[in-house]
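Order of writing sets the chain letters: A, B, C, D, E and F. Residues in each chain are counted from 1.
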Amino acid sequence: MELTKILRFSAAHRLTSAMLSSEESDRLYGPCARDHGHNYALQATVRGTVDADGMVMDQVVLERAMQAVVDLVDHRDLTRDVPALSGVISTGENLAATFYRMIDRMLPPGRLVRVAVVETENNRFEYEARREAP
Amino acid sequence: MELTKILRFSAAHRLTSAMLSSEESDRLYGPCARDHGHNYALQATVRGTVDADGMVMDQVVLERAMQAVVDLVDHRDLTRDVPALSGVISTGENLAATFYRMIDRMLPPGRLVRVAVVETENNRFEYEARREAP
Amino acid sequence: MELTKILRFSAAHRLTSAMLSSEESDRLYGPCARDHGHNYALQATVRGTVDADGMVMDQVVLERAMQAVVDLVDHRDLTRDVPALSGVISTGENLAATFYRMIDRMLPPGRLVRVAVVETENNRFEYEARREAP
Amino acid sequence: MELTKILRFSAAHRLTSAMLSSEESDRLYGPCARDHGHNYALQATVRGTVDADGMVMDQVVLERAMQAVVDLVDHRDLTRDVPALSGVISTGENLAATFYRMIDRMLPPGRLVRVAVVETENNRFEYEARREAP
Amino acid sequence: MELTKILRFSAAHRLTSAMLSSEESDRLYGPCARDHGHNYALQATVRGTVDADGMVMDQVVLERAMQAVVDLVDHRDLTRDVPALSGVISTGENLAATFYRMIDRMLPPGRLVRVAVVETENNRFEYEARREAP
Amino acid sequence: MELTKILRFSAAHRLTSAMLSSEESDRLYGPCARDHGHNYALQATVRGTVDADGMVMDQVVLERAMQAVVDLVDHRDLTRDVPALSGVISTGENLAATFYRMIDRMLPPGRLVRVAVVETENNRFEYEARREAP
């Protein structure tokens, strides 16, 4: 059984890195190299067997882990103001992988299977540990 | 190829069980231990090869099976008024697993792969038989 | 300028009244005479001129008034468990009018113009004081 | 007849003004005083009689005027990078009023009746000239 | 009090008229001069005082009138196959006005106030009789 | 890591084939045998490791491939006017498989994993190459 919870946050960001000049950022990331922002959705999925109480995991446990992430990024600039994202180019891909690791650390081992970040109604980034194996 | 159909229903429920006192229910299920309700979405996915008519399954066949489930639960109290859910704590997890079995029984064998129950815009429960193996 | 805020809650209800037999309720309200529930959206709109801070009203003030209503009804049975709705047949119409009066009382006079209750994605009930004059 | 078109853009912003200290901004605007961002929807409504071609206004004309606004703000920081918003605290109220004036200037006189800015799925700001009279 | 109901239908159409050459249609309507289609939403709003049963109008009455319209257009080509739309250029504007008249005729006089047709998530056409007076 | 992009288009279609009489089409496909249309969503998912720029694939590359498909079908009749769909019964299943092949050809080999076609809010068709093996 899989349970997916969805939380939302609003954040600013721009795509660039210390290794890129302003022109290189523009060429690589297009308009996303400029400061802008999104209403993000964070989706986390846990898996397991259903217990006698009818639950794969207490939703409060999952929500608390996700909320800890949201508290770091909501109404923040992901590029400048979030220590946990320092040095991370805030593409949807990097956000999904980073949030996966943060949430995974707060849950019982082996329960989190997937984290998705929805940036707009036109794109979605999904990290699933099982798929990333070497 | 996978085809997913989505039907909606509105139902009341509360989370509790015959084995729990009212206080234990409150502690375990929080506000969900009180009578409340949802606009649910029921999503069922079938898989197969596409036939000469361009279909993995006649949508009417899938819809009829899902509608039979919806007819049992729509505009009902899942905790008190649905014989098919008698003794089932109506968590999203238990609903997804129960609806899976009900729909699977009405379809040709081996075609149903997944049933999801969406309780609110913030959570989703998904049962996939292949993942539940012993 | 108008500002509309939207809050959501999940509640059970059934349509009936002390003056109706069970058969009369069934005839009048159809399936809604049975216990069921919804994910409701509550929308409240205030109007005014925009102040020097760029706001028609501090959103926190409006949200607090709306939240006070949501706290009474969220994860409750509107028909049995909400004293503020005692004696009120919980149609969308009656909910919208009742919530309007409750929110209006908590805001500075003359600011609230409209309250809408969205019961499902297929219906919406809207109360606007100005339209209800004798 | 009314025609409403909807365009979307993603922008960063923070609520503050030259007249406010950082502490005053925090107190007044809460988390919105920090850099963050949104996927905005811009909705513009024109009114008129339907012509022989079945249109209240050529949709291309309305879209072009709205797109000119979107081009100024999409993938930008509304607080720092948009000359047209210089000195404007970028509350939803001020955005709606400013965008109204910009779009109105690009359309035949008397046709634009309303502009709404949707900041998140939980709030909406609507400017209608007729309501703002002295 | 206002009650709005929403029904959906899927239809093909193209914008053209007997008075226009193919080139003129292309110039006037752009890509909409070609055969294409939409998942439409039809929204109808009635107004009145709330009766002792808590209703502004029996929803079944409103739904039946709207369904009669949907039955004529659902899974049809609006340009070629719907006698009720013969000679009507199927712009959103003309659909909204035509559906208004059809639904209004089926309801008690003076109750219908507004009909909206949503063609895509980017446009909406709304007819309100009161606004169309000479 | 998976990246999913979503583009939308509006098209007409009817389900039938050269091998079926009009009566047979009606019996097999029901109302879908008549000319009608939809606002479709096209979803394409690519998979890979995240590069030093934080991307699994340049979104522009994926979008360009998807846009090339959309350009062929948007504001068209899928049954009559799209050479690439000639001889293809335009069921959601066939569209998903055909669009998969078209997009796959335009991307670096082995990157596209899944294409979904959403026809209405009630159904969804998904093609994943890995599942279709002989």
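The working rule: a residue touches a chain if its C-beta (ideal position, glycine included) is under 8 Å from a C-beta of that chain, and two chains touch if they have at least 3 such contacts.
From a predicted model like this one, the values you see are computed outputs, not experimental measurements.
Chains making contact with chain C as well as with chain F: B, E. In terms of the stated touch criterion, the partners common to chain C and chain E are D, listed by label. Set against the Cα centre of chain A, the chain with the most distant centre is E.
Interface matching across A-D, E-F or C-D places the copy of C-E, with more than half of contact pairs shared by residue number, at C-D. Taken over every residue number at the interface, the positions common to chain E and chain F amount to over half, indicating a same-residue contact.
With every chain reduced to the mean of its CA atoms, the largest distance from chain D is reached by B.
One finds 29 Å separating the Cα centroids of chain B and chain C. The distance from the centre of chain D to the centre of chain F, each centre being the mean of the chain's C-alpha atoms, comes to 35 Å.
Chain contacts: chain D has residues 121 touching two or more partner chains. Taken as a contact graph, the chains fit none of the simple arrangements: neither line, ring, star nor complete graph. Pairs of chains in mutual contact: A-B, A-D, A-F, B-C, B-F, C-D, C-E, D-E, E-F.
Touching chain E in their complex are the following residues of chain C: 15, 17, 28-30, 88-94, 96-97, 121-128, 131-132.
Considering their complex, residues 8, 10-13, 31-32, 34-39, 74-77, 80-81, 120-121 of chain D touch chain A.
Contact residues on chain B toward chain F in their complex (touch as defined above): 1-7, 47, 49-50, 53-56, 59-60.
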